[in-house]
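Note that chain A is present in both complexes that follow, paired respectively with chain B and with chain C.
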Partner chain A sequence: MKKREKIIDFLVPVLSILLGFLISAIMIKATGKSPLQAYKLLFQGSFGKSIYDFFTFKQSGEALLKGAQLTLTGLSVAVAFKGGLFNIGAEGQFIVGAIVAAYFGFILNISPWVNIPIILILVMLISGAYATIAAFLKVKFGIHEVIITIMLNWIAIHLVENWIVVGPFSVQKYIGSATSAAGTPNVQDTSRLMPLFSGTRLNASIFIAIVAVVIIYILLNRTVLGYEIQATGKNIKAAKYVGINVGKTMIVSMFISGALAGLGGACYVLGTEKHFPGVFPGGFGFDGITMALIGGGSPIGTFFTSIFFGFVRAGATSMQLMGVHKTFTDIIQGIATLFIAAQMIIRYFLMKIGRKEKGPIKVMGG
Partner chain B sequence: MDYALELKDIRKVFPGVVANDGISLSVRKGEVFAIVGENGAGKTTLMNIIYGLYTPDAGEVKIFNKEIKHNTPKKAIEMGVGMVHQHFMLIPKFTVTENIVLGNEFVKNGILFDKEKSKAEVKKISEMYGLNVDPGELVGNLPVGIQQRVEILKVLFRGAEILILDEPTAVLTPQETKELFVTINALKAKGKTVIFISHKLKEVLEISDRITVLKGGKVMGTKNKEDTSESDLARLMVGRDVIFELPKVEANPKEIILEVSNLVIFNDKGIPSVKNVSFKLRSGEILGIAGVEGNGQKELVEAITGLRPIKSGKVKIRGKEIEKFNPWIFRNAGIAHIPEDRRVMGLVLPFTVSYNLFLGRQNENIFSNKGFLNLKGISQFADQKIEEFDIRPRDRNLTVDSLSGGNQQKVVVAREVSYDPDVLVASQPTRGLDVGATEFVQKKLIEQRDEGKAVLLISLELEEIMNVSDRIAVLYNGEIVGELNAKEATEEELGLLMLGVKDMRKEVAK
Partner chain C sequence: MNIAQTIVSILSSLIKFGTPIIIASLGGVMAENAGVVNLALEGMMRMGGFFAIFGSYISGNPWIGLLFGMAIGALAGLLHGYISISLRGNQIVSGVAINVFALGGMTFFLERYFNTTGHSPSVNSFMNSPIFPNLARIPVIGEFFKELNIFVLLALVLPFVIHFYLYKTPMGLRHRAVGEHPEAADTLGINVYRMRYFAVIVSGILAAIAGASMSIGQLDLFDNHMPAGLGFIALAAMIFGKWKPIGALLASLFFTLASVVQIYIQTLAPQVLNIIPRGFFLALPYILTILVLAGFVGKAEAPAADGLPYEKES
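Here is the complex of A and B:
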């Protein structure tokens, strides 16, 4: 019976994603184009046209890079979920991480083995601290973290994009007003996450993401802290009653959450962009919410979901060849999330299928 | 014979469990028929089959001599079956009338809700059965007993001839229960058939005409009220003799462990709900706190377990005053707590049995080492407690929300006792438990006393207070209005104290 429930837990996100593809196919069809052709291009664009392409990371490198990016913000949201907090603020924490990495990546110039660890640690501390504001206000004054994290997002966006990047830390200020470049100056080469293979942008952020997944998995499932975080997240009254310091636990889980989102921002700046760009493409933090939701809030689930959508997004560019806009993948992602949010619908049908064969899944006592 | 309901060889299997195993019974028209059994005996499954929520794997359901195939709740309602659930399905912000007619509203001018006619109709029905309810009152403002009447009216309004009451007294005070029984008799007098599900044998014997006992999904017997007794039914239910008198040796109280003086505690609304309460609790004794619900018990328990700050007064443990009201500090000082609601506070429901068994002790050496969980130690500890406290099924990896209420409570009791506390505060420790589990928990409390712990028992069940405690203090309106020796206390005297009619302090003053 337990096994059965596990299978359903796994099937729910899989079916949600499939439904996302199915409904999107209808939409593509409605625009007069062939969904099969579009999905074929999507597949080729993400995995490559041949086995050779796949293993030389020509296309799949880009997919893994995007997947790594999604993993870090997804993990951020997932950790907060486990602790009973809804961190809508991964977006802001990502931006804070990005600007901190851009700054220290620029001023530090020792060697990659020194620079990168120092930058990443500083990023995690500062982004973590930024997220902690929300947890602190919740613990101290009972203000809901969703409200605070949304406001912190806007503070980060405006402070960074409309002031720091165009003012005190703009490329003009450092390189000279003659340059037409926008954003912050480029980070030093010693601060960069270099591409792993030629012809692809894939860099060490995939390893950073994997290590983060493993550490978070161990933290949540094998440590006292993880036990306390989950007890607080699953039943705060019970946690309080047995003497767990729930305030402290919430602050710690929010700190970890913020640190992970910041790490995502750092990987983006040090790896993909080389600097904090003048026009910052937002949405990484919000995508993290989607990844954590589809991934069932678990680190492993979030990781696979992120990698999967990394592939979808990498392939989306190819769909443009036949005039299907690449943001179509957002529709797939959005529909999948919708089904996750309304997952009782899917569960109901899965149970109904199960009922015909083996009786209902939930045993009512009495 | 005219039967309202006949069941023949009903069988329902869930994966791994035979919930109903060939159940046959017939309910006569116009009788009060009780179905009793422990939690997990198959009562709820059977009711859900009658009400059309489940389809039986085999067997036959006949309502008023008509066989029902492919039953659904809609069909059942049409056939005259009405169900009053244990947890009410009412909308607090709607009036009594609105709740009752919901889904079957009277309409005027084609589209408008005919309030007057609805009200009149509700009034008519409520008068017919002597169910006094103000049709215009908001349901949220009504006490639980009256809300239940609204539920019954709802069912009657839909034309029910057979009323199924699922554990209707679980949420009621003794007075409200008496009123419910008046209602049930009124229904019977009007020719309605009532199916009464319960595990409180005293009540069943009082109200029913015939009683069927279920155990393990099977019918153990159907008895006429006149031909049976409480112990007879209990034997059928549990499968062995149940001792209603708990075996208990004389208490041997020693030093004072917990001393509470002049305690004033405010409730959530900022109103004092405990006023100047003082008592002493010695090791080796059980002090029972009796009282009608809402007389300050909740706040008192929360304060002496550190969950709620006090306004003034003192709490001393072994002579040392505790100043900071924080659960962690109270636990460290030696107070363990079985909370009144195991599902809300006592357990983390999505956690496994083994994870719930060491909740709060995660930093101790058996359970962790340098911040990492000691999974082997946790499992060994869990297996040991599961054996010792007879937690079923014997599987530490099940989540506790899949256990029955009795076994959930055993997990809580096992954990709290394993703290090896000086003081054990047990708040309504047997609420909602069946006979077997109740007996188990009460025995454990006495066992703890005999081991020299100080036990504070807070309960709404007078019978429990009288059987388990050595001394009884009665809480009324936030004050202790009397303290009695449990052996000398009578139900009448306690009742008068609980209702505030009598105040022993004044008598002493005189």
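Here is the complex of A and C:
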């Protein structure tokens, strides 16, 4: 029984993604285009046209870069889930991390081995602290963290994009008003995450993401703190009863969650953008939510989901050749997440297929 | 510009820009008072905004456009209801998913039907079509009536209609009972599921009208950035308004005031922005919402069973 539940837990996200692709194929078909052709372009755009392409990271480098980015915000949301918190605020924490990295990346200029660790630690502390506001208000006043984190998103967006980036830390202020550049000044070369191979943008953020996944996995499954976080997330009353300080635990898990989202922002600025751009592309935090949900809320599941969607996103750019816009992946992601929300249907059918004895079917809620 | 003109002009931009927020926040009020959290307001606005343009584009009639928008809103509400009520899925997850889908989906349709990912072509709309064109010719206060199109009228009237419905009618009492204590409501013979479906479908329709008020009300096209976060502002306004329709109206107007004042300062007294940056005006509504929730500015409390699926004992 235990084993079958595990298989079903694994099949739910796989089937949700497949259904996402299927329904999206119907949408492409309905527009008179060939879904097979589109998915072929998607595949070639992500893995490359040949084995040679794949191993020289021509396309797959971009996919892994996107996957690393998704992993960090996904992991952020997943840790909060484990602790029983829904962190809608990864978007805001990502932006806080991005601006902090842009600032310290600009003012520090020692050597990569000094700069980057210092910047990443500062980013994690500040983004973590920003996220902690939500956990603190939940513990102290009992306000739902979803509401607070949504508010914190917009506070971060407006204060950073409509104040810091255009005011005290604008490129004009530092380089001179003559420049037509927008955003913040570029970070020092010693602060940058450089491309690993020529001809690709893939940088060390993939290693940062993998290390983060491993650390979070060990933290959750092999430490007392991880046990306390999971116990609080599973049953807050029972956790209180066995003497866990649930308030403190929630604050700590939110801090870790915010630190991870901030790390994502730092990787984006130090690796991909080189500065905080004038027009910041949003949506990283929301993508993280869907990654964690499809990944079943576990660090490993979130990692594989993120890498998978990294490939999908990298490939989607190629679908533009036949007039399918790259935001098409949002449709696949959205539909897959809808099925995660509606997973009772999938579980019901899987239980029906895999069982021999008769009687009412007991389906676990999501 | 004299004082009277400035005041009238601020008031008319207030109702003009506040309209989508007011209508969407009423969508939130309807769903959450029946116990269903609707984080999908943003996505539903986006769908409504696009399909209103699409309907008007193929028919040449903005009223048909509005109907299209409302229909897609009802469908999105039905989907959210099916997941949250019948399947007892996670309402927040469902809301997030609808938002993500709307983001990619409407870009997809925009490209499919209008061959662009920027904005749709202009269609017949309610833009610059005041309900009382004669009153709009009156000097000074005419400016207010110039903005008074069908959506603005709805935004000014609906809060009171919904207030009357929720607090003065037997059905409204049932509506709130289902959100406060579904078990008790069920015992009294209220069909909890049906009530919640009704609430969440109306919520979808209202959010879609709010989206349409941007695309075929304020403008005559759908821009791919729409609704640019107004759905989340509406959510904040609903909370700031303490989950009550008239509260949501006032909160929406107050939030809009922050951005309208910021626009006026930018043109009339730009030096003020050196002391108080733009970002502060824009972040203010959200900071205040947190303060309200923390009880510093009067306590705001959600309906007791808000966000909890209801499972009938069998």
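Simple rule for what comes next: the second predicted complex is superposed on the first by the 355 of 366 C-alpha atoms of A that agree within 3 Å, B and C clash if a C-alpha of one lies under 4 Å from a C-alpha of the other, contacts with A are read in each partner's own complex, and residues count from 1 in each chain.
In this section, a contact is a pair of C-beta atoms (placed from the backbone, for glycine too) under 8 Å apart; a residue touches a chain by one contact, two chains touch by 3 or more.
Quick caveat, the model's predicted, so the values are computed rather than measured.
Colleague: Between chain B (first) and chain C (second), which does A:Gly243 come into contact with in this model arrangement: first, second, both, or neither?
Modeller: first
Colleague: Tell me the contact category for A:Leu72 with respect to chain B and chain C: first, second, both or neither.
Modeller: neither
Colleague: Kindly classify A:Leu159 by the partners it touches after superposition: chain B alone (first), chain C alone (second), both, or neither?
Modeller: second
Colleague: After lining up the shared chain so the two structures overlap, which partner does A:Asn235 touch, if you call chain B first and chain C second: first, second, both or neither?
Modeller: It touches chain B, and chain C stays clear.
Colleague: Give one of first, second, both or neither to describe whether A:Ile251 is in contact with chain B, with chain C, with both, or with none.
Modeller: Once the two structures are laid over each other on A, A:Ile251 reaches no partner at all.
Colleague: Which partner, once the models are overlaid, touches more of chain A's residues, chain C or chain B?
Modeller: Of chain B and chain C, C contacts more residues of chain A.
Colleague: First (chain B), second (chain C), both or neither: which does A:Arg222 touch?
Modeller: Touch partner of A:Arg222: chain B, not chain C.
Colleague: Is there a shared patch on chain A that both chain B and chain C touch, and which residues make it up?
Modeller: On chain A, the residues that contact chain B in one structure and chain C in the other are 365-366.
Colleague: Which part of chain A faces chain C closely enough to touch in the complex?
Modeller: 27, 31, 86, 88, 137, 140-141, 143-144, 146-148, 150-155, 158-164, 166-167, 283, 286, 289-290, 293, 323-325, 327-335, 337-338, 340-345, 365-366
Colleague: Quick check on the complex: what are the chain B residues that touch chain A?
Modeller: These residues of chain B touch chain A: 13-17, 19, 39-45, 48, 54, 57, 305, 307, 326-328, 331-332, 337, 339, 344-351, 355, 359-360, 362-363, 368, 371-373, 375, 398, 404.
Colleague: Which chain A residues qualify as touching chain B in the complex?
Modeller: For this pair, the touching residues of chain A are 1-2, 4, 222-228, 230-231, 234-235, 237-245, 358-361, 363-366.
Colleague: Once bound in the complex, which stretches of chain C touch chain A?
Modeller: On the chain C side, the touching residues are 37, 39, 79, 82-83, 87-90, 92-94, 96-105, 107-108, 111-112, 117, 229, 232-233, 235-236, 239, 277-280, 282-283, 286-287, 289-290, 293-295, 302, 307, 309.
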